[in-house]
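Across the two complexes that follow, chain A remains constant while its partner is chain B and subsequently chain C.
And then the complex of A and B:
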């Protein structure tokens, strides 16, 4: 029960952060979407032993977090929730990767390098994904998607689903509260009851969909959904875009920490 | 089952994304042809999956709890094409808001959880078992078998994609067995849960499920989707192998496992150039690794490696401090801005007061 409320709050919270006024939130959504994708793809292209080359990439999330006043603790908590699977997949590396490396007299499995590299990469990627939503918001992402020529059916579906998640979660929350009041101290819903409970919710959902469809028809829905394109792509957006993409390309091409060390 | 971005390479992620988009394009055309009435239903049903996932059930005897995946249920309720599209939206929202599955891995996740459930498990298994009409037993058997097989395909696909990406070193057979085993259990639970909901709805509102069945029977065009998928995979598989041969990463490892060689032998000039480039750029270049237990002893390469490592650590420390410094400056700027704003406000207030007086 409290779980539902918490996850609803968390989802809304991310979206609402994007309504703050600041430099990055005001950038064109398409620029932010593509930067995020380029950032993630570039991180993914690194070798599995790479560590030092990944460090300059911390700059991007850090600047976005600072400029946009993203609550850091909250963000880290969300990132940590996703991490366990990566840790499981990564922790096996030191066991299976039998190569031994020796650094300054210490010999250890090169799997540890992979492990650290994986955790670092995954943290940066997940953070970048959250920052996209926290700086752009769902409506602007839908706008960016339709600018990328994603069919309007899909964009409409995306927006509709997002909108109704809250309505249905609210409904599910009420169902669960009613259940919890009659069957206290239970971890979940008994599987025998679960089917009819969720089935009830499904039927209500179905009825709701009919009503929604009828009201859409009344408002002139004709199978198409037009999204307002919003403001155009300005010079500032282009500058923001070019700056980050060139930073990412340079950081990928040159191992900056090694370069710095070589210069010293 | 959701794959994150850290475990997938751009080539594998991109390939799967193209395949997933192609299937989605066919589905969109089919849905558009059928009736637009379904679109609000699809959206609300996708949202329903989220709500249903929040209602945990207790698995008898184990004390643990699980939740619904949704692919099979969506295709039973909406048909395969609309089901696939709804699943695409569910996965996109999960990736964006919960980081459940990455953005680069989005295509892979959509194929693993959407395609196999909607275009393999549903038409070939669920529909086959329930072809003589729905009854409670057929519904249960159909759902369980279909979701087990759909998830087995999906889990195997995860194994293949992870190995081809080469971001982690897991031995194929152990990884595959673990994944298939876990997903056998998940598949059974998912099947039971799907059947429980569908059979309830079928009892109370048979029209919801019947509607979709009659709609489905009018158009059985899975062939084009399946053939399209296979062609796309083969075509892109070819492209992947070209990429993989110039960038020996995941495949290198897989081939090494199969042939027992340390590294696949490449003798083209491209290989030499790449190898040189790799050795120049890598912090811990390939030659400092020796197979199983042999510590590098050669003095010259050893000291060279240590030199690189030390400079790597020093450089990394400097990089991190520069980044922290930039953060500090941003903070300083923000503070200054805030103070000047507050000053302005104070000044404004005083000037107002003077005006008033």
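And then the complex of A and C:
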């Protein structure tokens, strides 16, 4: 129960990190957004058996974490929440992939290779996503999306979904707190109560979302997202952008670990 | 033409589940009036506020704000002149900083940033929370949230200010601060509350709702000091008018 509240404070905390003043936070949001998208797409473009070629890509999150002073534990916890979904997606690979390969004298299904590759790729992608929020903040990301000419309806969906998550977690926290106070000896919620609790959660969250929406339309909100043009693109932003995109392209084109191994 | 008046004529509203929340509601509010709307729980106060702002539309009767009838076509215009402060500030503070929440309304009016900034700073100064402008709303105390929600509404410079339970859940000092701020506003004010002492302090005129009908509409002191009548409406007289609990002297 208190974990949800704590993690809600933490999730919001991630967005707040973007307010700190450091080199990367001050970069133009559009540069950071496109770098993240290029990073994610490049990772996705790798062959499913590729592992060693992925290793240089760990450099990007590592450098961002160090420069922006992002609490590593905080970030890892968030990434770990997503891991079960990734594992479930790939867990059957070793069974379905019938090829056998040999590494170091051991023979095993190449499905394990695809599994490890999947986990590595997905974890890096998720980390890049979180780092984008931590260095840019949701409002700036939305602004960058508008600058990329993404239709405002999608930008609004993105913003409102993000806000809705907090409303949902807030209501979930309240429900769980109320339950825990009347079921002191239990750990967690009894299965036969799940159905009604989830139903309640959805109805209450929907009602709250309605009220928040009403307060928005009473203030003249009409569904159009207007960009307040922030600062312009500077030379430093361009340099940052070119540096990272070049690195990503090179790391994709050449398998750097293998190259280093060959040279040694 | 006065933008500051509100007129309801024989308004009736029934919820989809069949519950009739308002029956034959008629009143006229003039420019600059401060009116308190009181009633027991379920009397119809919140429904009435939703009708005034066009969130709900009555099945019968008419609502006019200024001289504009409230219907789906005139909503944008009507909402420019009415500012509604909800009972629950969390439902009104949804941006990542107090500044952005207070700027939300003016930005929707497509004002340029300089004008938005001046309105925001003015609103924050009026409620005395300029030092909180960069704080995320979820880190504010109850009283601060209430003030932020009020600032977020007055930054739109409405002609009429409607407040749903403005002093609910506030500690005595925060309550006094909100009351002093509201007294300083020159808008036409409609305040619903269970805090009868505040209504007595701030509103010259009071409307009493009972089971969706208006059962009294007149001078605040006359109505609120009538013990028998208040009891019939499911209320009590204000604490300030009750017997002194220390010396037991009758007031």
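In the analysis below, the second predicted complex is superposed on the first by the 181 of 264 C-alpha atoms of A that agree within 3 Å, B and C clash if a C-alpha of one lies under 4 Å from a C-alpha of the other, contacts with A are read in each partner's own complex, and residues count from 1 in each chain.
By our rule, a contact is a pair of C-beta atoms (placed from the backbone, for glycine too) under 8 Å apart; a residue touches a chain by one contact, two chains touch by 3 or more.
This structure is a prediction, so every number in the text was calculated from the model and none was measured.
Once chain A of one complex is fitted onto chain A of the other, the partner contacts of A:176 are limited to chain B, with no touch recorded for chain C.
By the document's definition of touching, of the two partners only chain B reaches A:56; chain C does not.
Put chain B and chain C next to each other and count what each touches on chain A; the higher total goes to B. With both structures placed on the common chain, the touch criterion links A:16 to chain C but leaves chain B unconnected.
Of the two partner chains, chain B and chain C are each touched by A:208.
Of the two partner chains, chain B is the only one that A:47 touches; chain C does not reach it. When the two complexes are overlaid on their common chain A, residue A:218 makes contact with chain C while staying clear of chain B. Note: residues 163, 208, 212, 216, 222 of chain A belong to the chain B contact set and to the chain C contact set alike, using the contact criterion stated above. Contact residues on chain B toward chain A in their complex (touch as defined above): 4-10, 13-14, 24-25, 28, 31-32, 36-37, 39-48, 50-52, 54-60, 63, 65, 68, 77, 85-86, 88-90, 92-93, 95-100, 102-104, 162, 166-171, 192-193, 195-201, 204-205, 208, 249, 278, 281-284, 288-296, 302, 305-306, 308-316, 318-320, 323, 326-327, 330-331, 334. Considering their complex, residues 53, 55, 76, 79-80, 82-84, 86, 88, 91-92, 94, 96, 100, 104-105, 107-110, 113, 136, 138, 152-153, 156 of chain C touch chain A.
Residues of chain A touching chain C in their complex: 12, 15-16, 137-139, 163, 208, 211-212, 214-222, 226, 228. If you check the complex, the residues on chain A that touch chain B are 3-4, 7, 10-11, 14, 36-37, 40-41, 43-45, 47-53, 55-56, 58-59, 62-63, 66-67, 78-79, 81-82, 85-86, 89-90, 92-93, 96-104, 107, 110-111, 113-114, 118, 121-122, 125-126, 129-130, 132-133, 141, 151, 153-154, 156-165, 167-169, 171-173, 175-176, 186-191, 194-203, 205-206, 208-210, 212-213, 216, 222-223, 255-262, 264.
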